[in-house]
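I have a structure I would like to understand better, so I am pasting it below and will then ask my questions one at a time.
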Amino acid sequence: MHDFPVPDSWLTHRVSYGETDTMGVVYYAEYFHFFERARNEYIRARGMSYADVERQGIFLPVRDAQCRYRSPAHYDDLIWVHTAIAEWRRASLVFLYEILSEDKCRVLATGSTQHAVINAQGRPVAVPDFLKFIA
Amino acid sequence: MHDFPVPDSWLTHRVSYGETDTMGVVYYAEYFHFFERARNEYIRARGMSYADVERQGIFLPVRDAQCRYRSPAHYDDLIWVHTAIAEWRRASLVFLYEILSEDKCRVLATGSTQHAVINAQGRPVAVPDFLKFIA
Amino acid sequence: MHDFPVPDSWLTHRVSYGETDTMGVVYYAEYFHFFERARNEYIRARGMSYADVERQGIFLPVRDAQCRYRSPAHYDDLIWVHTAIAEWRRASLVFLYEILSEDKCRVLATGSTQHAVINAQGRPVAVPDFLKFIA
Amino acid sequence: MHDFPVPDSWLTHRVSYGETDTMGVVYYAEYFHFFERARNEYIRARGMSYADVERQGIFLPVRDAQCRYRSPAHYDDLIWVHTAIAEWRRASLVFLYEILSEDKCRVLATGSTQHAVINAQGRPVAVPDFLKFIA
């Protein structure tokens, strides 16, 4: 949390029943849904949406995803998803995530996703200028 | 919409990529997740949470669920989920749902869920007084 | 079960952890995923796949879905999903489902889905001949 | 693929509509569901199930999960999930995964999950003997 990149964005999320499992905690795959929601909000906070990005013919498919689970989240918990872009490469970018408890005192999970920047034909392209505005 | 029961509650939801499918629209099973989120918020708006209900030893498992799909929702759409309790029976209750477009001009889906009222041993019980407050 | 339509098809499914919830049972929305898998297998058992149907420019979006939950399924249970087409209308069709325990002695759930028959432009069309083969 | 650990196990999976997204490919979080199904089958192939493990009071919560996406999977694809245990530590273990195309010629994704070994009180414990049989 101390060295989280800027600009960043914060999303709150209320844990639903459908996101939990028999262990009584949020199922591990659900964190990647949280990450997706958070990066959508990050882009939206910069004045466009990922849907706009696709309408410009640019797609950001996930090439790599990782999550470290530190403390479980439970049904009805309100959690924070903290997001920023950690790295811009020539034809890819990396989002970082932290999931925090409602009081922001506990880190529940940390993670990252690496995205290719491709055009509608699926070819890697250099990050277009309009996308750099989200940095 | 005209005859929707009261009290009611409204929840907004932003459609994520993970909720859509190859047809480019929200996958049909996801609406039942929206319904769950909406009834959670309905209960919360009455001053308790469904987690509190369970802590009192009362569970409301779904006995029947139904959805009618009228107009598709797409990625990044902001939708409204309108909810109320339509009926209280001796040991069950029925939630109604309407899913509306952002401008509330189009009904995207309507649905209902019937819930048994059971105790921790799984036996049907009469609706407890503390639960009647959510009516 | 006694009056289930023919032809029918049977799909086995092993319940995963990710399909369960805090109550320790399969989350109610997951049954609609089971239904989808079962109708895919029904079509496949007739010699084509739903992907083939779409490649012919015909789509079968769900217009209505319903499930009645009779007895819960748990993590690691092997379940059967029994499927058939109950009804052909001019531009729609109805699938029926039964979910049974491994020994087929208990009905866990029953349900149905109604599907429109539409073309790539989203317009309702009469059921094409190639699709009637799945009856 | 060449250096995959032994013993290993293979699971086939047919991609459902509900697992795909607007890009027409399997949504990235779904791969973690595939991984879970595969490690369940790995344990089952060794003569017990993960449900049995939990009945003995041992739980294997995911501490870290990672996936590298190499080539997309589409609706109706039949895929293979290849699994093995890569590493046993004092109170944790690591599963490795490869997802392959139906003809096993293309690697669609690779990944890993690290699991703590804990008891019912949530405390880390040394890997019990009965679990070593799955190695």
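Should a chain be cited, it is by its letter among A, B, C and D, assigned in written order, with residues numbered from 1 in that chain.
To be clear about the criterion, a residue touches a chain if its C-beta (ideal position, glycine included) is under 8 Å from a C-beta of that chain, and two chains touch if they have at least 3 such contacts.
Since we're looking at a predicted model, the values are computed, not measured.
Enquirer: What is the minimum number of touch steps required to go from chain B to chain D?
Expert: 1
Enquirer: So, comparing C-alpha centroids, which chain is the farthest one from chain A?
Expert: C
Enquirer: Give, as an integer number of Å, the spacing between the C-alpha centres of chain D and chain C.
Expert: 27
Enquirer: Hey, how far is the Cα centre of chain B from the one of chain C, in Å?
Expert: Averaging C-alpha atoms per chain gives centres 23 Å apart.
Enquirer: Averaging over Cα atoms per chain, report the distance between chain A and chain C in Å.
Expert: The separation of the two C-alpha centroids amounts to 33 Å.
Enquirer: Could you say which residues in chain C touch two or more other chains, in rising order?
Expert: 17-18, 23, 29, 32-33, 36, 75, in rising order.
Enquirer: Can you name the residues of chain C that touch chain A in the complex?
Expert: 17-18, 20-24, 27, 29, 74-75
Enquirer: What does chain C use to touch chain D in their complex?
Expert: It comes out as residues 14, 16-18, 32-33, 36-37, 40, 49-51, 75-76.
Enquirer: Quick one: which bits of chain C touch chain B in the complex? Just the residue numbers, please.
Expert: Of all residues in chain C, those touching chain B are 23, 25, 28-30, 32-33, 36, 59, 61-69, 72, 113.
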